[in-house]
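Encoded as C-alpha cells, the structure appears first; notes follow it.
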Amino acid sequence: MNPKQAQQPDKTVTGNYFEDFKLGQEIVHATPRTVTVGDVSLFTALYGSRFAVQSSDAFAHAIGYPRSPIDDLLVFHVVIGKTVPDISRNAIANLGYAEFCFLAPVYPGDTLASVSEVIGVKENSNKKNGTVYVRSTGRNQRGHKVLSYARWVMVNKRDLDAPAPDPVVPKLAASVYPATLGAALPPLDMSGYNYALAGSPKRWGDYAVGDKIDHVDGQTIEEAEHQLATRLFQNTARVHFNQHVEGKGRFGRRLVYGGHLISIARALSFNGLANAFHILGLNGARHVAPSFAGDTIYAWSEVLDKAELPARFEMGALRLRTFAVKDQSCADFPGVKADGSHEDGVVLDMDYWVALPR
Amino acid sequence: MNPKQAQQPDKTVTGNYFEDFKLGQEIVHATPRTVTVGDVSLFTALYGSRFAVQSSDAFAHAIGYPRSPIDDLLVFHVVIGKTVPDISRNAIANLGYAEFCFLAPVYPGDTLASVSEVIGVKENSNKKNGTVYVRSTGRNQRGHKVLSYARWVMVNKRDLDAPAPDPVVPKLAASVYPATLGAALPPLDMSGYNYALAGSPKRWGDYAVGDKIDHVDGQTIEEAEHQLATRLFQNTARVHFNQHVEGKGRFGRRLVYGGHLISIARALSFNGLANAFHILGLNGARHVAPSFAGDTIYAWSEVLDKAELPARFEMGALRLRTFAVKDQSCADFPGVKADGSHEDGVVLDMDYWVALPR
Amino acid sequence: MNPKQAQQPDKTVTGNYFEDFKLGQEIVHATPRTVTVGDVSLFTALYGSRFAVQSSDAFAHAIGYPRSPIDDLLVFHVVIGKTVPDISRNAIANLGYAEFCFLAPVYPGDTLASVSEVIGVKENSNKKNGTVYVRSTGRNQRGHKVLSYARWVMVNKRDLDAPAPDPVVPKLAASVYPATLGAALPPLDMSGYNYALAGSPKRWGDYAVGDKIDHVDGQTIEEAEHQLATRLFQNTARVHFNQHVEGKGRFGRRLVYGGHLISIARALSFNGLANAFHILGLNGARHVAPSFAGDTIYAWSEVLDKAELPARFEMGALRLRTFAVKDQSCADFPGVKADGSHEDGVVLDMDYWVALPR
C-alpha cells in the first residue's frame, strides 16, 4: 500500500490517481495469498482446464515435479489481482504488458505477495489523464520471485490542474526471449511424459511456424462465473461487480475481467496444444474489445516462432498468437485485417511462449 | 436430531413445528462438517474477502497463529446451517440473535458440529405461531466450543388447537461485553503485523466513536452465487433454492440467505476497516428487508463504541454498526429514521465487536 | 487417447465416429486427475450433500474409514468425464449403463485415470449411426480399480458409406448383485455410527420393499451451476457450454449434463435415506428427458429390493429406483405409466444399490 494513497476522512481508500504516481516509487500491495488445492479446483470448474501436469500429481511427479504445480495463469491472476487497488482503481484503459516471465514454480501451500515499482509516467496532452508504467513482481513466502512483468495503464487525474510530471517512457523489450525463460520449470525428465494421458501425441517437432490451429469449442460466459473468478483472485475492480452502476454506464453491463478471457482461451487451446503445459512468458496481451456475460468465446492460435530452450534438450518453445473471439467459430481464423486492426468479434489477442516436450 | 421430530410415514423429515419445541430440550443437529481449504477458496470466490490473516498462512503465522484461521463468518454459516432443518424449517421470521461469541479459533481440517438447547417458548395471541428461543453451540472434533449464540425465530404451529405452552422468555444480554471476548484469538504477537500487507495503516487508536465509514463498492448478487453459498454451508432452507414454489409465492423470487448478505457486507467493510481481522462477537443482526438476485449491495459502518481487551495490550475492540443497503450508494449513510424504523433500501443492520491492532 | 483418432490438419481433435471404434480396442483416456478437498467443497456447494460420512472426517473415522471418503458420484463424474472426448463427442444419445460397481474407496489426494475397452458395435439399419458398447474402468494412482461399468451410446458415422462392422452386442447383466458388491467399503465398525449426527434413525430394517419416499425439496438449476459442475469433472461435451450453437439448435438452450441431475437427485434423497451413505453400484440410469437451467428438480425413491451384504453383518443393501422430476412435487410419486413409458416431467430414472447400517 502506498502511504500517500488518497483516503477519505472516513478511512476508505479511493485509489491512486495519475498525479499520485512518482517515478521510482515502490508500492507494496496488500493481501498476501496462500494458494491451495481449493483454488485449483475452482480454477478447473471455472475454465475446464485439462493440461495433465496441472491436473494430476502423479503425472507431474512422473516428469520431475514434486507434485502438480499451480497453473501459470492462476499465479498471474493472483499476483495481478493484488496490484489492482493501487494501480488500476482509476484506470480507464489497460494498455499493455511486456517482459512478462514466470520465474519459479508455485505449489499448493505457497503464499504469494506482489510489489510494484513505478518505472514511467507520461501525462496526455489532454491533461485529463496519463500513462503509468509499472514493473510488478510476485514473490513467494521465501522471497523468491515467481512472476515479473511490466504493465502500463491509462489513469485519470484527480486534479486537472496538477502539474504534469517529467515524462519518462521506459525502454521495454518487444518480446521475451526463450533463452532467458524456463526458470519456472524444475529439472524435468521427459522420458516419464505419457502422451496418451496427456491427450495428444504432438510434440514441439510436430508444429511449424505458420501453423494455424482452430480450438473448435465455444464457452458461454455467465455473470456468476466471471464474478466468482475475479473475486477468487481478490481482484476488486468495480466494473466487474456492480450492475447498479454499470447498468447506467457506457455498456449497460458488468465488464468481464480480461484475465477471465485469457484463461478461457488458454483452456480452449488444450484442443490442439495439449502438450504445451507451461507458459514461459508473455510478449503481450491486448483486450481488443470488451466482453460480457452471454458472450460465447472461441479461440484459435497461430505458431509465430519456434525456439530451443537452453540446457533443456527434452523440451522446446513455441511462440503462439492466440485470439479469443466472441460469438463466431474460428474455422476461418478471424484475426487482424490488412490495415492491422482487429476483425469484428476479436476480444483478445495474446502473444506468448509455451514450452512442450521435444 | 430430535427423536420426536415429525416424520411422514415415508421417512422424510418435515421439521419441527412450534408445539414440538419443549423448554430444556437438547437437539443434536445432523451433518458434522470438516472445514477445509476448499471451503476457504469458495468463500473467497463468493465474497472476495481480503483480510490478510484469513488470506495468508505466512501473514497469520507472523502474528502468532499456527496458520491462517478459518474466517469467523464461515464458521458461523457452517454452525447455523446445521441448525436449520431442526429449528428453521417451519420458521416464518428470523427475529434476532444475542450473546453471540466466537470461542476458539478454527483451522482447516477441524470438524464442526452443532447442538441447540431450547431456552424459551412463547405462543402468539393469534394461536397460529409462536417464538422459539434456542442457544446453539458449535464444537470442534475435540469437543471444544468454537461459537455460541442465542437466537429466536417465529415458528408456525402444525395443529392450531395444540395447547399453548407456559410462556418462557429468557433474559438475554443486550450486547456482548468485550471483556469476556477474545477466546477465539490465540496468543498473538502484533509486532509481526505488517500494515502494508494488511492494506491499511489504521489501528484501533485511529478510530473514534461516531466515525462513519462508507465502504464504497457495490456487489450485485447472482442466483447461482447465493445458492452455491447456502449449499456450501449445508443450509437447506427451501426458500433459497426452489423457484418453482417461490415463483408463486409472496415475492416471486428465491430469497437470498440472510447470512449471504452478512458476508457480503463484511467483505465490503474491508475498505475502511482492513485491520479489523477478527469478529469477537455479535450483539445483533436484523435482516431488515428481503434481498434477491439482481440486488446490488453496498455497506457502511458506524463506530458505536471502543473498548480495551483484557490481557491483550496490543489489540483493541471496536463496536460497529454495519448497514447493508441495496441499490444505492452509502455516501449519505442510509440507516435509521428519526422514528427508529429503517430507511428504504436497508437490508441488514448488524451490531458487532471486532478486534484490531492497537 | 486413441492413436487413430480423427484429427484436423491443424492438430485439433474431432473425436471418434462410429466407424473408428473397433471391437477389442483399448482406449487410454487423457487427463488423469488428483481429487482433492477443493473438489469436495465444490461438490458440496453444487449439490448441498449432507451424508455425514462424506461430510466429516471425524464421523467417517468413527466407523472405520481413515478419513472422509470422496463421494461415490464425484468419483463417477470424474471417471466418466475423461471418457467423453473419446467416446461421446459424436454421440447423439446416451443409451444405458450396466455392471456398474464401485470397487475401492477414494480419498483426497488420490489420482484417477480412465481406460475403456470397446466390447460391442452394431450399426443401425439407417446406416447413419450405430451403437458402441464400452467397458470403462477408473483406476487410482496405485493401479487399483475404483469403478467399472459398461455403457452404450449411439454415435454418428463420419462417412455414411463406411462398411458396417460385424455386429457384436455384449451380454450384460441386467443388474448388479449385492453379493458381489461392497469392495469400496473398507472394514467398518458400525458401533461407532452416530444416528443423531447422521440425521436419521432409520436403518436397513426400517425399510420395506415397496416403500415410496418423497424427498420433498426442490432445487432450481442455474446455467453457471451446471457449467461449473461439468467443467469441474473435466467433461467437455459441447452441448453443455455453447449457447451460441445451442441457441440455434433443437432445444434453443444448453443441455444440462445428465450426471448433474443424478447428483441433485442423490443429494435430495438424503431426506428419507440419510443413512444410505454408500452407493454400491448402479443397475441403470436413463436420462428420460432433457433438462435445462430454470428447471426445478424434485425426487422420490421406491425400495425395489433388500439384500444382505456378505461378510458385513452390520450393514445391508437396498435397491432403489429414484426418479428426478422437473417442475412438480413428488407427493404423488410421478414415475411410469401403465404402458411403461414415463410420466411427463420425469427427467431421470435411476436403479441402484445403496448400503446402510443394519
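Lettered A, B and C in written order, each chain numbered from 1.
The working rule: contacts are C-beta pairs under 8 Å (C-beta built on N, C-alpha and C of every residue); 3 or more make two chains touch, one makes a residue touch a chain.
If you're wondering where the values come from, they're calculated on a predicted model, not measured in any experiment.
The copies chain A and chain C differ by a rotation of 120 degrees on their C-alpha atoms, rounded to the nearest 5. Homomeric contact chain B/chain C: same residue numbering on both sides for under half of the interface positions. Centre-to-centre spacing of chain B and chain C amounts to 36 Å, using the average Cα coordinate of each chain. Chain B has residues 36-39, 41-42, 222-224, 228 in contact with two or more other chains.
Chain B contributes residues 36-42, 44-50, 52, 55-59, 68, 195-202, 206-207, 211-220, 222-225, 228, 271-274, 294, 296, 327-328 to its touches with chain A in the complex. Every residue of chain A that touches chain B in the complex is listed here, in rising order: 1, 3, 8, 10-14, 28, 30-34, 36-39, 41-42, 85, 109, 111, 113, 141, 222-224, 227-232, 234, 236, 238, 241-245, 254.
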